[in-house]
Structure formats: structure tokens, C-alpha cells
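Paired with chain B in one complex and with chain C in the other, chain A is shared by the two complexes that follow.
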Partner chain A sequence: MNLTPFEWIVELYHESPLKVKYLLGSIVVLLFLCLLTLTVLVSLRMKLYNRRNKTSFLRAKYEELLITLLYLDEEDFDYQVQKDEIVNELKIAIKSKAERNIIKDLLIGLLRDISGDMATQIQELFHELGLVKYSLKKLKSRKWYIKIQGIRELTEMQERSIQGYVFGLVNHNNTLLRSEAQLTMVRLFEYGGLGFLIDLKYPVSEWQQLQLMASIQNNVEFVLPQIKDLLKSKNITVIQFSLKLVQFFNHIIEPEEIKRLIKHRDPQIRKQTIDIIGEMGLFDMKPYLKESYVALTKEGKLSVINTLAQLGSEEDVTFLTASSEDVDFKISLQAMLALKDLLTQEEFKKEMGSLHVKNERALEFVMDQVC
Partner chain B sequence: MKNKIKVLLVEDDTTLSLLLKFRLQKEGYLPLVAHDGKQAIEIIENDQPDLILSDIMLPFISGLEVISHVRNELKLPMPILIFSAAGQEEMVLKAFDLGANDFMAKPFSPNELMIRVKRILQTSGQSVLN
Partner chain C sequence: MLIFDYILATFDWLFLVYAGSVFLSYIALIILSGIETINYFRKNSFVNYKDILSSPMAPSISIIAPAYNEGLNIVDNVRSLLSSHYVNYEVIIVNDGSKDDSMERLIAAYDLEKVNYLIDYQIPTQKVRGIYKSKNPAFEKLMIVDKENGGKADALNTGLNISNNRYVACIDVDCLLVEDSLQKMIKPFMEFTDKKVIATGGVIRIANSCEIKDGKLIKVNLPKKLIERAQILEYIRAFLLGRMAWSRLNGLLVISGAFGIFDRKVAIDAGGYDTNTVGEDMEIIVRMRKFMQDQNLPYKVAYIPDPLCWTEAPDNYKILTSQRNRWARGTIETLKMHKDICFNPKYKSFGMLSYPFWLIYERMAPLIEVAGILYFVVLISIGKVHVGFALAFFVAAYLFSVLFSIVALLTEDLTYHQYKKKEDIFKLVLTALLEPFVFHPFMLWAGVKGNIDKMTGKKIGWGTMTRKGLGSGD
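Right, the complex of A and B next:
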């Protein structure tokens, strides 16, 4: 009997034991699922490919329209007609979310690279096209990440009208939103941009401090505000950050303020203040450093010795010699190294010979370097 | 017909590149555009532009490598003006070491760029119309 291949498979299936029937059934189902998955993946891929193509096409189209618009000559007789034509076309495009995002990204990207009259023109265009309304609308969103998007767009466009709104977010309980608001304050408002620090309730993380510092460095118009109030903040991280600003801007602090900060309960603030004395060459503060030395922690003592190594003179030899007798290896070693830099080889050997308590390991190490 | 001055513009950002191309055309130059270092070197070797305006950070071959190729391999004397983003001071110094003639930090004003282009071309003995 002649059977077609399909009939042969069907007959084979019917004659098979139950277990084989299950197995074959499973294979068919699996094959079907594989085919289905493949079809879905291919269609998704095609969709993505088409979307990317469409985006590139639209990007190129709007790029050209925007550049043409920016270069229209006001003295041309049909300037207004040409301008209205392009602006209307862009306004229609902006109604679609995808196209709005393309146009907005093009303008923001351009503003990052361009300054001067053309930058002003781009900012005006952002308003004229109504894009500013969409960004402002994002600020009203309940979702924090949409708010951040809105803040970023308006910051890029140098939209200073958002100062009040952003200031209200610097103490927000969402860390990311709070950080973005603080960065915007520094990026947009050169005068009083750091004013938010005075009432800051939350700690400023090390990373955030670095970002704020980078933003300050990039903002050429930034003016350092009165730092005196910031140094009195109850927020320890605000004082730490303010001391970094003092170091960066070589800002002068009053001696009384320095004395107060050397006694601060936070060890990092104490250390930063002592380091500033050395870096800024505040020689007048040396006697006070020596007075406070005993009450300081090990880290604080090491900072004082480092500072004296920077600002040291003959009058500090007695103090450093006494510190060389410290039972702590690190302090003793640091003091000896400071003395080594301060004295001649002979004077140093003589001074080391006069030590009552000798930290042998430290002494051996330093003498090896001297001889 | 008088020959226009050929200015090679090497910039990977298509929008900025288009904007500067328009401006160069408006000022009477003949802009040649490359979007990466590879294209730039091809254009330099084939068309020998009178001036190169190049970004430092470029795909495939960086702006620094383009300068090095022009000065050390091709031994060409045309002036080179580079663009750099803020915080790329070291790169700018390297670019000068390699033979760049001038630089502008982003964001820059296209008007100022055109003034520099004119000045740099005058110094090298060229003007808008040869």
C-alpha cells in the first residue's frame, strides 16, 4: 500500500506506544512555540529597525529645518514668511511626542556646543515652539524621574524662572531629586547658587560634593557666597563642603572661626581645618595648633605635624622633638620626618640623640634615610 | 572663476557640523565635511584643504591622531584649529605640541570662530578668495 509521507507519519503516531505519543506531541508543541517566539522576535527587531530609521530620517529633516531657521537673514524681503513657514511646520511636529523629543534633543545638543547670539536664538526658539511648556509640565508630574527630566531640560536651556521651584526641592526626601535640584542651583544661579546649603537638612554625600564642585568649576560666572554662615551650619557635611570651597577658592577665614573649627566635634572637620592652615600658609595659627595638640585625636595630631612640616621654623623644633617621643609609631615617625626636613643633617642627629623616649623603629627608619 | 578656500570640518555631532557647514558656505568658503578621523584623513589626502577645523574627540581616529598624521606623515603646513570640550586642557596642550595652531573651547560662538578662521588664514597667507 502506497502512503503519502503525512499519512505515514499519522499511522506511525497511531501505532506508537502512549509514551512516544506524548513525546511526539511535546516536540510538536515545542516546535510551535519556537516558531512563535522567532516570529515575535523578528517582528520586534523589524519594528525597532523601522523606528530607528524613522528617527534618523526625522532627525536629519529637523536638523536641516532648524539650521535653516537659525540662519535666516532678517534683511531678506520674505524673511517673516520663511520663518513662519518653518516655525509652523515645527509646531505641528511637536504635537507628536517622538518628534517633540527629537527637536528638543537637537536644540539642547546644539546649545551645549554653541554660545553667543546663536545660543540666545536657540533659547528663544525653545520658547517660541512651545517646548518650554512641555518641560514645565514635567515639573508637575508625580513621578520623580519625570520631574528630573524637566529640571534637566530647563537647566540646559538656562531657564532661570525655575529658581523658586527648584529651591523648594533641595530638601526633598527623594535623594536623586534632591541632588538634581542642588546641582541645578549651582549650574543656573551664580549669585547665591549655594544659598540652599544654609537650610539643608539632609547630608551631602561625598559623591554629591564632588558633583557640586565640578559644576562650580564649570560655571565660569560662579561667585563664592559668604561662607561664614555655612561654616556655622548644623549639618556637618555642609561645613565639610564649605571647607573644600575655602581650599579651592583660597578664601580667607577669620582666625576665630578657624579656632572654633579646630575644636569641632567632627574629626574630619578638625582635620580639614588644620590642613587648610598648612595649605594657605596661615603662620599666625601655629601657636594655637600647638596649644590644641594635646586635646586632638591621633588623626588630628598627625595633621598638626604635617602642617608644621609645611610651615615649620626653628621655633617649632622643641615641639616636634617632643612629638618624636610619642609612643605612637606613626606620630613619632611623622614628627621625626618633619624635623629631618627642618634641620641640617648634623642638627637632626644631635636632636635625635637628645630624645628621652626613643621609638626605635621610627628612629631607625628615619636615620636610614638621613645617613 | 576664482577658487574658493577649502575648509575641512571634522565634527561627529551632525547638528553642529551642519550648522558650521552652513556658516562656512555663507562666508564664502568651500566646506568639506568629515564625521570621523578616518574620513578626515581621506579628505586631507585627496583634497588637501587650506584649513582644518577639527574636534578632538572623534570616532575611530581622534583629532590628535589626525593632527599627528597631517604634521608627521603628510608633512602638510595647513593651519589647524581644534575644538575641545571643557576639562580637556591636557588634550589641548597635546594638540598644540603636535602642531595645532589655535583652539576654541565648547561652547563657542560661530561668529568668533569665523573671526579666528579669517585671522588664521590671513596669517597663513590666504584670504576668502584666492
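Right, the complex of A and C next:
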């Protein structure tokens, strides 16, 4: 009996036991999936290759056009004609999504590299080409990452009309959208840029704090808000960030506020406050540091000792001597090092002789430094 | 005879069910990695990593790189580690009692002098002979620790003791870090407010045949040797599909010893690296996770899929099988050490999903595969084999392996697209087709040998690898 290969396979399938039937079925599916993914892979590779070539060609073309446009001499007799010609060409190009993205990215890139009149010119061009319309449209998207794209583009172009919309997002439940809105507030609005912190419902991550601080550093016109209110926030991360602002701007805090913060339930806030006392040289606060010492974490205790090493005087010797006898290696070592700096060589040796230091190695190390 | 046939049929079904469960679990991993990859790219396409470079708020990191008999390349390797764009970091090289001239070379190249430094031995280690710092301010971030030999884990523990920074990046000294690797790897530690990130793992890529100049990766090339290309494929599969999927489930059990960042305090509180296993990189992650879960603290082991760390892979089968033997033993030892986690509801998905997966599909896989092959050989020899079943089984397994590789290549092309030449993709597809016949048997042998060596108690120390040095290009 002559069978075609297909008929042979069908017959083999029918005659096979159940387990072989499963395997044959799997082979057919796997073979199909292998061929499908292989086809996608090869065509994708070709597409990527072509797209890369096309993009680099278009990028070079529009970059040249934009630079020509920005450097046109207004005094030239055909200035307006040349300008209209380039603008019209760009307006036609932005009808294509891919080309629009290239032009938009080029404008944003140029804006980051330059400032002054040229920057204003780029922002005006962004409007003139109608790109602002596309960015505003992105704000209406239901997808969070498209909204972020829109906000980012409009922020780069200093589009301040979005303030109300962006402020409405600072407490959004999507972390990234909320973060972007907060950054925009700081980047665009020098007055009240950090106002959103007052009513912030969500914690501000360390990463977000870092980005906010970087934005503040880049915004020369930024005005520090009323820190006092922020330090009373129920949101612990807002207080932590506010203390970083205090450190960064060398802002003065009232003693009562410091006393309250040294006893705050959050160990990070307590530690930050102690560091501020040292950095700002607030000698009057030393008694409160010692008073709160016992309740502190190891990191907090180390901060107190470091602060006393900076601000210490004779009246702190007893406290540091007691800390030198701490069982913790680091606390004991730091306290001895602080004492060493505070006392004369003779006084220090005498003081060490009367101590019951738990860690001999730490004591030897400090004594070696003295001798 | 009937009973014998019944037993054979049962075995057939057991192998079939195991293979089927492997297929299904890997398909699940593909889907999960796809979701996680899209998520990662959406979340990180807006990030400006430049902010962290100039920020006074950038967390401090110690790069700890243990070295043993690395004299040939150590000076260049250290220079590469010192070239990171990150600001707030230091490099601690731990010379683990090298028998070669590593220390002499370092002292001469970096103008080192012995300094007075007190170590807080929070984790017990071998004796430290001395700590060296450079007299040249250009190398102020560098610290060299010379210690008695104690193995890689002991050297890493010494680094943990010496570091005063909040985070430690534990890396292989011969690894080449991309300049922005630290800022990308540190980000997860700073972005969560509801849980503590205890470690972040990075992707390891193979640098054989790549162009490297002054410790920097200039151009990615595909090596000519099949053994190297097969490892590239294997790494892409493992890092872009496997680990990405486990990251989605917060179920990562291993962070490559070649490059990972840890919360120093948690690493020390959990006891540091275990010096009694050759799989210290996996063991510390399992122990840190256990430590956090025992205290009911919310945590995460994060993962960054960007190609941030490049390393030299073995280019001959002898070194490769020895490396994989160590990996297999590391897995066996770690899983055995922490067997109380397995199917323990107290450890939630860590105990009910991650651990059992590793046990069944990583630890047991080579043994089951070899058992399957032996089973068919026995059946053939006694004339009991069902040719159709045996053939279909192997064809299905082969096709699945090829499919998994092609999906990995597709993911690589859609995401990082490191191998840009037109012909690269054809070479990699050809590698995917040949790998099950020419590469996989060696991996299988290494896995089985790892089991035998573990059972017989054969001792192994630092993994030896004959380095040719990076940057030669093709």
C-alpha cells in the first residue's frame, strides 16, 4: 500500500498509544512555535536594521534643518522666506509619528544643551510646529506611561499652563505618575513648587527625594517653602526630606523644633536631627542629645558621639568616658577617639587607665595613635 | 511479564509527566519574564541616572572584589573598577593569600603603603596581614586588604567587615563593569518604601571576543567558538528569561557571585557568606531571605536586566565542566543546608514555589535526565523499547530546547540588541540548533559529576580559570 508522508503520519498517530499521541501533538505544536518565533526573530532583525538606518538618516537630516533654522540671521533679506520654508518642511514631517518623535527628541536634546534666547526660540518652535498639541493630547491618555511622556515633554518646554493638571496628580495612586508630577512642580514653579508636600498622602521614596533635590539644585529661582510646617507633617518621609533641605540650605530651625525631633518616633529622623546639630554647631542642644541617648538606636548613638566629637568640651568627658565602656565595638571606639581629640595626651592616658573597656583591640588601637 | 510491562509503562508516564511539567513551568517563566520586561522598560524609560551622580544623597557603596592568583591581570582589573561614574564609592580588593605576585604588582602600580586600620570582626575570618592605601590621591577610593588564604567566601566576609558603607557590591575582580552600573543597581534600594530591598542582582554577559580598551567595553562581538557562543545563549536564557520571571515573583534564589549589591547590615546580621560551601553566592541569598522572613520583615531581592557586567567565559570544555561542577555542588549544598524551607508554608512563595522549583528543576534535572537516558538504553538492550515513544520524546525535548533559545534571542533583540551584526542572529540560531547535541551533554556530565563529587566528599577550593585576558577582540 502506497501512503503519502502525510497519510503515513496520520496512520502512525492513530495506531500509537496515548502517550505517543501526546508527544506527537506536542511536536506539531512545538515545531509550529519554533518556525513562528524564528520568522518573527528574523523579520524583526531586518526591521530593526532598516529602522536604525532610516532613523539615523532622518535624525541627521532634521538636526541639520533645525540648526540652520536656529542660526538664521534675522538681518538677512530672505530670513522670513528661509524660515517659512524650513518650518513648513518640519510641519509636513511631523505628520508622521516616527518623524515627529525624532524632531521632538532633537528639540528637547537641544534645549538641554543651551539656554538664553536660543532656548526661548526652541520653545517657540515647539509651539509653532504644533508639537505642544501632541504632548497635551498625551496627558489625556489612559495609560500612565503615555501621560508621563506628555508631562515630561511639556516640562522640558517650560509649559507652565499645565500647573493645575499636574498638581492634581501629586497624590495619584500610580507611583511613577505621582513622582513625575511632583518633579514637574519643582522644575516649573519656583514659588510653591514644594507646596504639595504639605498634603502628601504617600511616602516619598529615597530615590524620589534624590530626584527632587537634584531638580531643586538645577532650578536657580527655587524658593524654599515654610520648612516649619513640613517638619510637623504626619508623613515621616516628608520630615526626612525636609531635614535634608535644612541641611542643604543651611536653614535655621527653632530649638523647640529640634528638641521635638530628637525625640521623634522615627529613628532616621532622630539621626538626621542629631547630624544637623553637629553640622550647624548648635552647642545649646548638647544636653538634649545626652538626655535622649539611651533611647537611640546604634546608628543614633554613633551620631551623638560624632556630634560631641565636633562640638565637645570638658563637660562632655564624663559622657564620652561612659560610652567608651559600651559593649558595642563601634560605639566604644568612636567614643575613645572623640575623647582622644578632646583631652591632652596625658589626660587621655590617665582617663583610659581608669576605664573598663570591653574591647581590648579598640583600646590598643586608640592608644597606639596617641603614642 | 505483565507486571514488568506495567512497571515500564509507569516509568514511561513518570518521565512524560516530568518533561511535561518542565515544559509548562518554562512556558510560565517565558510569560512572566515578558510581563516583567515590559514593566521594567516602561518604568525605567523616564529615569535620569545623571541625578544620582552629582547628588550628596547618593548612598555609599563599597565594591568588594576578592582575588586569588590574579597577578596577570589584577592591575588592569583594578583600574577598570576605579573607572565607575558613581561618586560615593570605594573599591576594596581582598587578596586571599595569593601565591603569585598579585600584591607586589598592586603595591608597585598604585603606590601603596600599609595603613593603621582597625577591623570590627563582625563575621569571623582568617587573619588580615595588612591593609594598604595609595599614597597617590588619584587612587584614594582604593583599599587593598592582604589576608591569609581562606577561600572566596572568607575574602568576601573580610570585605564586609572592613566596609563602613551602607551597601556592598560583591564582584569578581576580573569582571568589567559598565560605567553606569552602580547607579542602576543602587536604584532599587532607594525606590521602595513599603519593603526593604536586601540585594540587587545584575546580568552577567560574556565578554569573549569583545573589544575592550582601558577597562571599558568598546564593541560587542560574537565569538567564533561554539562553546563560547553556546554560553552566550545560555546566559541570555538564564538572565533575560529565567531570572526576570523570578524577579516578577520576588522569588530569586540566586544572585550571580560575579556582580551583586547587598544591604551590608542585613548581610552581616544574617551571618555573612558561608565558608563551607562552594555556592556561597546562592547560599547567602537564601539565608538573607530566610533571615528576613523569620523576622516577618517585608523585603525584596531585586534584579536589573541591563547588561552591566561583562566577564570572560571558559573557552574549553575542561574548565567549563569544572566551573559547572562547582555550580552544581553549590546548588546541592545550599538546598541541603536550608531544606527546612522546602514546602514550608511559613516561608510563603519562597518555600512553596522558589525552593521546590530549584530542587525539582535545577538540582534534580541532570539526575533525572541521565536516569531517562539510561532507562532508554536498558530498554533498547532488552528489546523492550517502544521506538515511537523514545523518538517522539527526544524530538519533543529537542524542539522545546530550541524554542526556548529562540524566544530568548527574540527577547534580547527586542530589548538590549547587543549583537548587532546581520550575521550574528544566524550564528546564534545555528548555535541554538546545535547546542543540545554538542554543548548540553557536557553540562549534563558536569551536573552529574557535581553530585558524585558531593557524595564522595571531594574537596575543591577557589575555582581555577586560565585567563586569556579581556579585550583581544576577534
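Methods note: the second predicted complex is superposed on the first by the 279 of 371 C-alpha atoms of A that agree within 3 Å, B and C clash if a C-alpha of one lies under 4 Å from a C-alpha of the other, contacts with A are read in each partner's own complex, and residues count from 1 in each chain.
The rule is simple: a contact is a pair of C-beta atoms (placed from the backbone, for glycine too) under 8 Å apart; a residue touches a chain by one contact, two chains touch by 3 or more.
Nothing here was measured: the structure is a model prediction, and the numbers come from that model.
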Chain B versus chain C as contact partner of A:Leu41, first or second or both or neither: second
Touched chain A residues, chain B compared with chain C: C
First (chain B), second (chain C), both or neither touched by A:Arg361: second
Which of chain B and chain C A:Pro203 touches, first, second, both or neither: second
Partner chain(s) touched by A:Tyr71 [first = chain B, second = chain C, both, neither]: first
Partner chain in contact with A:Ser141 - chain B first, chain C second, else both or neither: neither
Partner chain(s) touched by A:Arg112 [first = chain B, second = chain C, both, neither]: first
Contacts of A:Glu63 with chain B and chain C, given as first, second, both or neither: first
Touching both chain B and chain C, residues of chain A: none
Contact set on chain B toward chain A in their complex: 13-16, 18-19, 22-23, 26, 86-87, 106-112
Residues of chain C that touch chain A when the two form their complex: 12-13, 16, 20, 23, 42-43, 45-46, 48, 51-52, 54-59, 116, 118, 120, 187, 189-194, 386, 388-389, 392-393, 395-396, 399-400, 402-403, 406-407, 409-410, 413-414, 417, 422, 425, 429
Contact footprint of chain C on chain A as seen in their complex: 12, 16-17, 19-20, 22-24, 26-27, 30-31, 33-34, 37-38, 40-42, 44-45, 48-49, 145, 148-149, 152, 176, 180, 203-211, 213-214, 217, 237, 244, 248, 329-330, 333, 361-362, 365, 368-369
Residues on chain A engaged by chain B in the complex (per definition of touch): 59-60, 63-64, 66-68, 70-71, 106, 109-119, 218
